[in-house]
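The same chain A turns up in both complexes below, where it pairs with chain B and then with chain C.
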Partner chain A sequence: MMIIRIGDFIKRVLNNIFKQKKNIKLGLYGPVNSGKTSLANKICVDWIGEEMGIVSSIPHETREIKIKEKVEIKSKKGKSISFNLVDTPGIATRIDYEDFLKHRMSVKEAKKRAKEATKGVIEAIKWLDNMDCVLVVLDSTKNPYSQVNLTILGNLQARNIPVLVIGNKVDLKKSNLKAIEDAFPQYEVIGVSALNGNNIEEFYESLFRVIK
Partner chain B sequence: MPHQCVKCNIIYPDGSVNLLKGCNECGGKFFFFIKENQLKEAEEIVKNLTPEEKIQIEKDVFELIGIEGDESPVVLDLESIRVLEPGKYQLDVVELFKGKPLVYRLEDGKYIIDLASTFRSKKKD
Partner chain C sequence: MLTLQFIPYKEINNLTTSGKIKKILDLVKENKIVLVEGKLRSNEEAALIERTMENVTKSFKGIELCTIKAEEDYGLISKFKAGMVSLLVGNRQGFTIIGPAAIIKEIRKDPTKVQLFTVDKIRKRRR
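For the complex of A and B:
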């Protein structure tokens, strides 16, 4: 009798843990073209065998929130976590259709893209309150002291949302991960190349530290 | 704070009845919501737009915020988002993160209605 009760208790506890973790929303935030979708694709390919979205060198390729549900990853020690991965449009302070014209786009297409990108920024910001944990993806070849980066991180801190800062594109010559670490010393910073998979194992291990 | 009719550039003081009825000159119901110190800049932006561009901006903003087939006046908060011309946007991310509504819609008897719910995404599971 006692054994059955203990068994039920353990089952309930496990169910609760599973229930809580099932709906964790892990958001990818960051400036435009920092590699959020590339990282989302890397995670999805590695753990569920399919990509999440289209990646392009043209800014504002992701203009809508995209969600991949129930992504489960396993640590080296055999622990596992499951989350809903939420890829968001890049945050920008200025969106100008003329920037798209050099990518062989018609004026009409470029203006449409600018409008969608603006809508995307607004949506990404509105979604922040829904996140349980956020990966701030920064381009490690760029100066980290930008208004966009500081505003995103400041708002995450104010909302008490756990953060992991990703310095992406560490495979590139111009990459300077230390600049990101110096800029945001209060956060754990992981350097990766979402495209080539550099340091991706360490990134997965760090997810276990930040998603609780 | 003053409001500017996007179509004909006329500035109306805060609380003006024209915001509900529409602009005296053109009957337009799309306004920019501006701070006193931004008046000059806002005037310049609107002055340099062609009538076609103004119509396009109105259409774009309505699409951005998801308003369809509604005759109520709409006021865009220039502090958070500026539409300089169709396809050119300036976003104040600090203001946007504050969660202030970007757009106010005016209705008789309910002076300003927060449209933030338009953007509100699905709640947490």
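For the complex of A and C:
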């Protein structure tokens, strides 16, 4: 019995080592409409030449987990890292189908989208356990002290998952990156514009510090 | 009329995560704003969001929640002190507010204050 347990333990340790080296899962987490898919698209276009998902101003555009395998990026010093990029639905505590009606959807479409969105949030939370490293994407034009942000970061900390906080939309006038830095002083915060590519080189360099 | 329901620490301390969440959600679904003594653990917050999403219907649109920590110092000594207090008397520092999305539009929090914004029913009815 003891030998079997020791064997299982060694197997688990070896699996973890190889899993981390070969298939690092880099997750994109954050509240709804913070720009997770825009950042995923920017990374994918820059390094593999194709987009990952559809971007929309309508909330909950991403309603299921999307994975782009074997994305390889290179640093200025010639180092390279490869990872599986995992784009997740935005985390929310409320979903009201009537909100979608404002975006010219039919009642039927809005209800369907709301149902899928609730499932997406559940799926995103369940996937937290599978991540090796996470980019928490926040909208830098919004108040960072939202409970969704705190819950995501708290759960990642509890699981000892390395985190890089991204303050997205720094190209906008209302952007306040300092508010994010002040709210989460224990994390490295990088300001970018996933849409316009502002500061994206610094972001790639910081990825090398987080993914080890 | 808004009802604020207080749940003291001793009432939920011995409950499992799902027991705590059921107790909270049952009250929130009765359109009550719940004030829990002590901060929910991060895994409990995530489980609360998951369970809320499972319960979303036409009439129950979700929740707004906010946890307030008493201690925001990240120093080692402060963390150790807070850990010792938790061990001795339980993690009753801070509090958690949970309200139904049908009543609470937004809970805005900054380090020094918490603001609850309620849904403007009169304006909604007029539309």
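In this section, the second predicted complex is superposed on the first by the 192 of 212 C-alpha atoms of A that agree within 3 Å, B and C clash if a C-alpha of one lies under 4 Å from a C-alpha of the other, contacts with A are read in each partner's own complex, and residues count from 1 in each chain.
To be clear about the criterion, a residue touches a chain if its C-beta (ideal position, glycine included) is under 8 Å from a C-beta of that chain, and two chains touch if they have at least 3 such contacts.
The model shown is predicted, which means the values in this text are computed figures rather than measured ones.
Annotation for the three-chain superposition on chain A: chain B and chain C clash. When both complexes are overlaid on chain A, the residue A:Arg94 reaches chain B and chain C alike.
Judged by the touch definition given at the top, the superposed model places A:Ala110 against chain B, while chain C stays out of reach.
Once the two complexes are laid over each other on the shared chain, residue contacts for A:Ile122 go to chain B and to chain C alike. By the touch criterion defined above, A:Asn130 reaches chain B but does not reach chain C.
Looking at the shared chain after the overlay, A:Pro185 reaches chain C, while chain B stays out of its contact range.
Of the two partner chains placed by the overlay, only chain C lies in contact with A:Gln157; chain B stays clear of it.
Looking at the shared chain after the overlay, A:Asn143 reaches chain C, while chain B stays out of its contact range. Residues 91-97, 114, 118-119, 121-122, 125-126, 128, 147-148, 151, 155 of chain A lie in contact with chain B in one complex and with chain C in the other. If you check the complex, the residues on chain C that touch chain A are 41-43, 45-46, 49-50, 52-54, 56, 58, 61-67, 74, 101, 107-111.
Here chain A touches chain B in the complex through residues 23, 25, 65, 91-98, 107, 110-111, 114-115, 118-119, 121-123, 125-130, 147-148, 151-152, 155, going by the rule given at the top. The touching residues of chain B, counted against chain A in their complex, run 60, 63-64, 81, 86-94, 96-97, 99, 102, 119-125.
On the chain A side of its complex with chain C, the touching residues are 91-97, 114, 118-119, 121-122, 125-126, 128, 143, 145-148, 150-151, 154-155, 157-158, 185-186.
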